[in-house]
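Next, two complexes with subunit A in common: one pairs it with subunit B, the other with subunit C.
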Partner chain A sequence: MITQHRIRRRMATTTPILLALLLLAFVALTLALGDRAAARMASETLIRVTLVVGFWIFAGNSGVISFGHAAFACVGAYVSAWTTLNPAMKATLLPGLPPALAEAHWHVLPAALTAGLVAAALALVTGAAILRLSGIAASIATFAFLAMVNTIWANWTPVTGGTSSVVGLARYVTPWVALGWAIAAILAASLYAASASGLALRATREDEVAASASGIDQYRHRLLAYTLSAFFCGVGGALAGHFIGVINPDGFYLSLTFLMLAMLVVGGIGSLSGAVIGVLAVSLAVEALVRLEKGFTLGTATFALPPGSQEIIIAVAMILVLVFRPAGLMAGREIMLPARWVTGRGTSQN
Partner chain B sequence: MAKLGIHDLAVRYGKLTAISDLSFTVAEGERLFISGPNGAGKSSLLGAISGAVPAAHGRIEMDGDILSGLGPERIARRGLSMVPEGRRIFGGLTVQENLMVGTGIRRDRAAVADDLETAFTAFPILRTRAQAPAGALSGGQQQMLAIARALMTNPKVMLVDEPSLGLAPKVVDEVYDRLCSLQALRGLTLVIVEQSSTRAARVGGRMILMRGGRIVADGDAAGFAAADLLSEAYFGDPA
Partner chain C sequence: MSLQLLFDALSLGGIYAIAALGIALIFGVMKLVNFAHGQFIACAVFALILPSTDAVAALGLGLLPTPLLILAILGFGAGLAVAAEALVFRPLRNASPVALMVGSFALGVALQNFLLVLYGGRPKAISLWAGLGAPVRIGPAEVPLLQLIVIAAVIAILLALGLMLKRSRLGLEMRAAAADFGMAQLLGVRANRVISGAFALSGALAAVVALVMVAQTGVADVRMGGQIMLIAFIATVVGGMGSLPGAVAAGLAIGAASALLQAGLPDAARPFRDAFLYALVIVVLLFRPQGLFAAADAKPRV
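Showing the complex of A and B:
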């Protein structure tokens, strides 16, 4: 006999597969347009999927909003730059790098993995202090962490180049590369959510007192999720750097934090599908706005939105979602195959 | 040896003293009711035993091991489980997920499936609603879920804070029926905070009457009504 629980578990395993197929279809469609701007938009969107799904691993399961995840992207981007840039270029741009990094000229894949690992290590150390705090205090501490990382990066000129940009990163991030990492992030996120630690962390999100009475060590599970979460934000940062080819600390500061939060809120923080759908919805809306900002011609008149209006419109969209659909577009639900498809016999148990 | 021993316990919130000089022991397999008026310190007592509230003074022992000073999650791992006041189920998780949360700390993973079956047999409604969000259950069903969830940690001692709070009398009967049969089945030691001493007398067991943070009477629950100790505790001069 197949129990309802088994059916539900099988349905849950279809979620990452369906999300991966959705992203695959998205890439195929945008590439079919044959438009270079559309291909760029696809890569950018998929990098954001990696970032936001990474962010969701922590924020979605723990219910603690972090403002610090853009800092992990910042660290990831610079780690990848330090390890992959041409040594001759580093000698002039970043004279303060230690010899091992100054001479490094790695392949981009180990560099991306290292970017994730360094971000994760930083999360493990800082999280050990921050995550002992309760809900809102922890959120504010993550914001302080973001400000610290940004200040250090903007002033540690010999190593980071300071506020001037680091240029010349190999631009290897095609839509397919970005798709690969986005799918990896989705798989990791759904494996974590299905694990005992994921369940324990969601229990603390619902009720801290009852969770500790059930023997759950909230701090340990939060720290694990925070570390895993930072890994994918670190990788996402590296991808973002290699997508544009130019990085500077302010590219990974308040506007990225805002964008990641807006995407998660619009899609719905309560589910992995919400994180992915939020990125797609906001990215497509932004793309439409960018085209409007450039202006379009209708008959003899040219219409254009004033520059900078996209941030305002994203903010308004976020507020509207909070007012009219507070749990986000997906409202905590996952995209999954219906029960009768996974039982294999076409019989519904419900 | 007593299963649970409380020695000279004091609990303070700032300058306010909730419990002072409290001592008693609970034997293995015993059913102990804690009763008394609002502000008597009943919930503070359970909080101190379960580790949720720090003790200002004194010692709490289970099987001779000292529990005081450990956090609630470590006390739960030692086999002391708490059904908190107001149930505090995980409303956004399914009924089955609520039950599985408590099993994360267990080493005997193989026995978990058996215990899940036991919980479903004791509370058939939980099996029916296993995949429903726990927040959608009625008050009585949530109380049963909270009890079943506490059982899933495989406790030796279970503390239950006001299980009858906000429930219809018929539902309270049902909750106590299940609680007593589970106690018999698992050899649990039960400590229950219960406002209604007539209810405690009907269910049967030992009863401790508290007032102003102290014990004013300790004896068989059925004897309390007759001895008029209750009105003394509620309306008499403060000790």
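Showing the complex of A and C:
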């Protein structure tokens, strides 16, 4: 006899598989149908999946909104730049790097892993302070953390290049590389969500007092999720840097924070599928709006949205979602196979 | 030197306190952390000049005689905040504080990009009240006239606001709403009036900050509200969320710490002043996570 609980577990394991297949189909479709611009859009979208799924690991399970995750992406991007750039170039661009880093010329994969690990270590240290605060105050503290990282990065010119961009990152991020990392993030996120710690953290999200009365140490689980979440944001930042080839502290500041939040809110913060669907929906909308800003021809007349209207429209859409569909497009549900598909023949419930 | 430092600290802290009050007032009545406050400040600055993408700003409202100008900008700030409440936050009235916060963040982004579309991204020079930079001798210190005016204005605003909260009916209702919104409604406090009132006050305070920033820097920049909003947030957290005296005290304290850091840090570390400031705040919160002046009922009751 198969129990309800086991059926639920089996259904839950199909979620990451289905999401990975969805992304695979997305890449295959854009590469088959689209031009080079579409391929760029596919890579960009999948990098955002890595970032937003990473962000979801913390925000979705704990219910605490963080404004600081763009800072982890910033750190990740620079760590990857420090370790992979040509040493001769670093000597002129970033003269203040310590000798070990100045001579490093790593392969891109260990660099991406290191980027994630450094971001995670930073999250462990700062989270230890920030996550002692209650929900809303913690959100504000993460905002202060974001501003702090941005201030340091914009002024620490010998090591970060300051506000001028660091150029020449190896542009290795194809849609397939980005897909690999996005799927890795989805797997990690669903493993964490299914773990005891993920369950405990969601309990604190639903009712802080009841959870702590049941012996759940909220702080510990939040810190664990924060650290894991920063790892994938660090990796996502490294990917974003290697995708464009140029990095700049302001590329990882408020507009990225806004975009990540908008994606999570539109898709629905309550489920992993919501995070992934939100990225796809908002990315497609942004792509369409950017093309509209460039102008399109209808008959003989050319129309164009004024530049900057893309952000306004996304922001208004986000507010409308908050008002009319507060749980987002997915409303907290996961994409999963129905129960009778996972129970096997003859054991179905009815 | 030390007297100079005192004036620097007071004027900077005063502005931070005014900005923090603008955040704390709204948080008090509807548990909204208003991430659009910085953009209210920026909008009030840009209301002084005519929309154009030229590098040199042409004054619009800024041409009015000074008393009218101050009234007009305060009215603009209040009107903007009330409109934002009616359009965005009223439909979200029953949403969770997290959804409200995210909504205000989205509103801030929308306002900022709206300013970008209308005025372009480059900072613009505004010459408003150029005479206020003139130094005044007080004992051994030379203090810009503007600093004295700012300090006097902050004291006047704090006194007026304190009187209003203690004595007027709207103030009483606001304090009641801040203590327990549901109970206050049951006892006949009109929710819409109190919330609109809080937003109007908060918007007017944002306009005060805007005027002072323009007079100090002589520049209008789309991003100019962001940094002071962040400091104001920090002040409300350090002061204890929802405590108005706490927000004022913490704003003054952060201004003082900032002025001291500016004077005390070695030259090489000075660009990182704000980073030190934020780190200092995180250290304070490690020891008092509920803030320095937490209200007695800040802890949720079960």
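Quick note on the criterion: the second predicted complex is superposed on the first by the 345 of 350 C-alpha atoms of A that agree within 3 Å, B and C clash if a C-alpha of one lies under 4 Å from a C-alpha of the other, contacts with A are read in each partner's own complex, and residues count from 1 in each chain.
Throughout what follows, contacts are C-beta pairs under 8 Å (C-beta built on N, C-alpha and C of every residue); 3 or more make two chains touch, one makes a residue touch a chain.
From a predicted model like this one, the values you see are computed outputs, not experimental measurements.
Using the contact criterion defined above for the overlaid structures, shared-chain residue A:Ser212 touches subunit B, although it does not reach subunit C. Contact with subunit C, but none with subunit B, is seen for A:Ser309 once the two complexes are overlaid on the shared chain. In the superposed model, A:Ala189 makes contact with neither subunit B nor subunit C.
Contacts of A:Gly270 after superposition: subunit B is touched, whereas subunit C is not reached. In the superposition on chain A, contact of A:Gln4 is made with subunit B only, not with subunit C.
Of the two partners subunit B and subunit C, it is C that touches the larger number of subunit A residues. Judged by the touch definition given at the top, the superposed model places A:Ala129 against subunit C, while subunit B stays out of reach. Comparing which residues of subunit A touch subunit B with which touch subunit C, the overlap comprises 209. Across the complex, subunit C meets subunit A through its residues 31, 33, 88, 91-92, 95, 97-99, 101-103, 105-107, 109-110, 112-114, 116-117, 226-227, 230, 233-234, 236-237, 241, 271-272, 274-275, 278-279, 281-283, 285-286, 289-291, 300, 302. Here subunit A touches subunit B in the complex through residues 4-5, 8, 196-197, 199-200, 202-203, 205-207, 209-218, 270, 332, going by the rule given at the top. Every residue of subunit B that touches subunit A in the complex is listed here, in rising order: 50, 52, 71-73, 76-77, 81-82, 84, 88-94, 96-98, 100-102, 104-105, 130-131, 146, 149-150, 153.
Contact residues on subunit A toward subunit C in their complex (touch as defined above): 63-65, 67, 126, 129-130, 132-137, 139-141, 143-145, 147-148, 151-152, 155-156, 208-209, 254-255, 258, 261-262, 265, 306-309, 311-312, 314-316, 318-319, 322-323, 326.
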